[in-house]
Amino acid sequence: MLNENKWFTSITDIKPGKIRIRGYDIAELMGNRSFAEVIYLVLRGELPNSAEAKMFDAILASSVDHGVTPPSVLSTRTVTSGGNPLNAAVAAGILAIGDTHGGAIEQCARILQEWASKDGNISELAEKLLDEFIFNKKRLPGYGHRLHNVDPRTVRLFKIAEELDFSGRHIELAVAVQDRFAEVKGRKLPINVDGAIAAVTSDMGFDWRIGKGFFIISRISGLIAHYYEELIRERPMRKLGNPNWEYDGPKARKLK
Amino acid sequence: MLNENKWFTSITDIKPGKIRIRGYDIAELMGNRSFAEVIYLVLRGELPNSAEAKMFDAILASSVDHGVTPPSVLSTRTVTSGGNPLNAAVAAGILAIGDTHGGAIEQCARILQEWASKDGNISELAEKLLDEFIFNKKRLPGYGHRLHNVDPRTVRLFKIAEELDFSGRHIELAVAVQDRFAEVKGRKLPINVDGAIAAVTSDMGFDWRIGKGFFIISRISGLIAHYYEELIRERPMRKLGNPNWEYDGPKARKLK
Amino acid sequence: MLNENKWFTSITDIKPGKIRIRGYDIAELMGNRSFAEVIYLVLRGELPNSAEAKMFDAILASSVDHGVTPPSVLSTRTVTSGGNPLNAAVAAGILAIGDTHGGAIEQCARILQEWASKDGNISELAEKLLDEFIFNKKRLPGYGHRLHNVDPRTVRLFKIAEELDFSGRHIELAVAVQDRFAEVKGRKLPINVDGAIAAVTSDMGFDWRIGKGFFIISRISGLIAHYYEELIRERPMRKLGNPNWEYDGPKARKLK
Amino acid sequence: MLNENKWFTSITDIKPGKIRIRGYDIAELMGNRSFAEVIYLVLRGELPNSAEAKMFDAILASSVDHGVTPPSVLSTRTVTSGGNPLNAAVAAGILAIGDTHGGAIEQCARILQEWASKDGNISELAEKLLDEFIFNKKRLPGYGHRLHNVDPRTVRLFKIAEELDFSGRHIELAVAVQDRFAEVKGRKLPINVDGAIAAVTSDMGFDWRIGKGFFIISRISGLIAHYYEELIRERPMRKLGNPNWEYDGPKARKLK
């Protein structure tokens, strides 16, 4: 009777005394493969080769924290300040990681994967891609940053990719779009860290639909550090919000 | 084989074409009982009588919103600002409703229910309760407010309770503790809205363990209003946090 | 220096001893207006008239609970079972209310508001709307239900709307689409409760972008009831998930 | 005027073109330090030495996934199934990581840190600690597992600790309690992975209040893998909950 809706999983097999991640014994992975390699395995189903492992390590290290201003940190600290446990505070931080905060990885990877799969050479594709965005007056996700003119994390990621001889059609396309933009508009719109992660993970073969996941995996330790700092340095219910607000709604009135 | 762990629910029965809440047909409840009465039914298992219904309506109306400063609103707006859907924004707001924000209802109700169940007259119990808290240097949850000296919602709730002749041992104890405090300390520590809700719902027979729930049910519409205002009046990723911060960690240093 | 980014709110004004919701004193609202009326005020900025108040009360009562099977309830109970506080459990439930669970209100209201604002009579618009959906092979949000052939909540909501003489272009369009579907396809695809709420709140003038909010406001008390039932009737970490699963990933393998 | 409530952070310093984590340039960390080392830096304020880095890597790898049955996975998959974005699904999973799921790390570390800081030799402390728990009839957090008699991750973590000559008073106490239990009760209650992580991170000097954080950092990639598997292998709104339930509430009844 309860046979309805049997389902399958290919991630982890569990038996008493045995845990196998994608077929590998967890006890064998521990101590023999780095944390980043095991994350790669869980997400992709296979272990990375040496270049992929180094590249992935750098990607995950790139976004562990960016200070107190991002929405995710404000959200984590606010929930901490309301008197809540670590997991609730971290969950609230992750909830803030939406379309306009971290979401560019996902959207940029989607665009790169869509366009890089088309026939044609990269510079032609970059030209068409940019034309389309300019024509539709849309923002290019993964380009530009509200603080950094040149994002130091992008520079570093691309340098590591070059050293590892790790570059494919997606990185090339991302760079070609950046170059083409400068040509057409006469000003730079540099690839930000979201765009760089999108390009590199696309060359690694990751589906764009987990793009936001790389950012979340990376940032989670930063959120925990902010939870802890709020806990030990600040008093509960402190004024975390921008205090510069004003009420401009209906004037005081009476029920009829 | 799948018979393992059968479980039971006494809240709602569902059949094709029929939904019964605690035994009552939802279609019969709709239009014949107010939203507040149906909430009472879902939570308690029985419909309220007329006085309980009026009292409960006033309780739920009391906390729909309190402006932009509470942690829950900041959390909801921050998640909205990160480019997320309504349900994620509201969930983040609810996550902020912890021990120091709304949690006093729960803790105050726990204390009132524990002490009101003891033998003895109310003024003696109030005396002992307060002695214990003062001796242990603990804060009394449900008393005092960071903004309001006298919480207008408390005044109103107790007035409605009086008009409805709706007062029992828990309200009496809450007031007696307030009076005793003034006597002992020579200054007022008025019951805030959390304490008033705790006292009234305890007299209604609600378990203190759902105390925070009344606040959440009430505040949820306020959070949605803030989500919507953020969406239509503000640009994404705006600076919602208090900008007055400074880095005071380790100076710039190099890897060895 | 910190004048940067002043912001405005028109929802609630707060001063010591005074809380005004959209201009009305909260203490005056409490006891004089129902909970549903105050919710309407917070969301819309104005109090409802008598017919709107009755209609809105029935809408909010319609979705308080639907038993243990919806994703939101499973999510709330699972988080409860993991040993978490009420607010975290409720937040997890709200997180489940997405595109395929409750999200139809939003999408259906968006479609109704878009089409009802066009010129032309309702039956012509219904015809075109349905043609477009059938042509694009898209599902009509707000129509059909996995359990109920005829949703009893829809029947009741439309009956109350009729009694209150409360029907405008959006309800008419929603019904016309349903009738047209039966004509074209030879079978019924009845409006479900999501569709009914979408139609009625659209006639009330609510923006579709808070459509999911009505469902959340309504369901929150059900989620709290399920939290409480899980807490008092079940042991922690019980097997809440469908036990009928199987691992079909890579066979056991060794590191090279 | 807005000088009120200045606050400080010692985690990350941000300037245009420069991001420093605890004083180290992020671009220098990337490619030169592993992801696990950077996480350690963010959480502790200092980089780990070589033994600490290896130990920490193994800890984080230990809990990446444990199949489909844990509450966190059920919660993530349920929210995914409701039609929600990756970040909402992952946040819901983290919300499930409470007192009875992952929470043992925190509680076990608290106990070990409290007792290991007392004077006296380890075996005497273990004896007293256990006596106290048995006398109070309390469960020992971090001991026993519902599936594994001997937790393979514990065995592996302690072996790595031994190889690295990495063992202090907290690991010793944890093991002494386990041995003492077997002596007193005549049966084994082995340290589970939560207890092992608690003991090792306590010897590393981590505050027990971020104990749950190690589990969350580790498990987050597993949750993303489950989100993705649910997305690509299952249909929306499927029956994820244990279907073996029954309504046992009030019989059908009418309003009076």
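The chains carry the letters A, B, C and D, assigned in the order they are written, with residues numbered from 1 in each.
Keep this in mind: a contact is a pair of C-beta atoms (placed from the backbone, for glycine too) under 8 Å apart; a residue touches a chain by one contact, two chains touch by 3 or more.
Since the model is a prediction, treat every value here as computed from it, not as a measurement.
Visitor: Starting at subunit A, find the fewest moves between touching chains needed to arrive at subunit D.
Guide: Each step joins two touching chains, and the minimum needed here is 1.
Visitor: Subunit D and subunit C are one sequence twice: same or different residues at the contact, by the over-half rule?
Guide: Looking at both copies, the contact residues mostly coincide.
Visitor: Looking only at C-beta pairs in contact, point me to the busier pair out of B-C and A-B.
Guide: B-C
Visitor: Let me spell it out: compute each chain's centre from its C-alpha atoms, then which one is farthest from subunit C's centre?
Guide: D
Visitor: Rounded to the nearest 5 degrees, how far is subunit B rotated relative to subunit D when their C-alpha atoms are superposed?
Guide: Rounded to the nearest 5 degrees, it is 180.
Visitor: Indicate the whole-number Å distance between the mean C-alpha point of subunit B and the mean C-alpha point of subunit D.
Guide: Taking the mean C-alpha position of each chain, the two centres sit 30 Å apart.
Visitor: Centre to centre, by mean C-alpha position, how many angstrom separate subunit A and subunit B?
Guide: About 36 Å separates the centre of subunit A from that of subunit B.
Visitor: Find the geometric centre of each of subunit B and subunit C from their Cα atoms only, then give the gap between the two centres in Å, rounded to an integer.
Guide: Roughly 22 Å separates the two chain centres.
Visitor: Pull out every residue in subunit B that's touching 2 or more other chains.
Guide: 2-5, 7-14, 25, 29, 33, 67-69, 84-85, 87-88, 91-92, 95, 97-98, 102, 239, 242-245, 247
Visitor: Which of line, ring, star, complete or other matches the graph of chains that touch?
Guide: Complete.
Visitor: Taking the touch rule as given, give the residues of subunit A at its contact with subunit C in the complex, in rising order.
Guide: Interface residues on the subunit A side: 2-14, 20, 22-25, 28-29, 32-33, 45, 47, 84-85, 87-88, 91, 95, 242, 244-255.
Visitor: Under the definition above, what is the set of subunit C residues touching subunit D in their complex?
Guide: Touching subunit D from subunit C are residues 1-3, 67-69, 71-72, 74-75, 78-79, 81-84, 88-89, 91-92, 95-103, 146, 236-237, 239-243, 245, 247.
Visitor: Spell out the residues on subunit B that touch subunit C in their complex, using ranges where they run on.
Guide: Against subunit C, subunit B makes touches at 2, 4-5, 7-14, 16-19, 21, 25-27, 29-31, 33-36, 38-39, 42-43, 54, 57-58, 60-62, 64-69, 85-88, 90-92, 94-95, 97-98, 102, 106, 147-150, 152-153, 155-157, 159-160, 207, 209-210, 212-213, 216-218, 220-222, 224-229, 231, 233-234, 238-239, 243-244.
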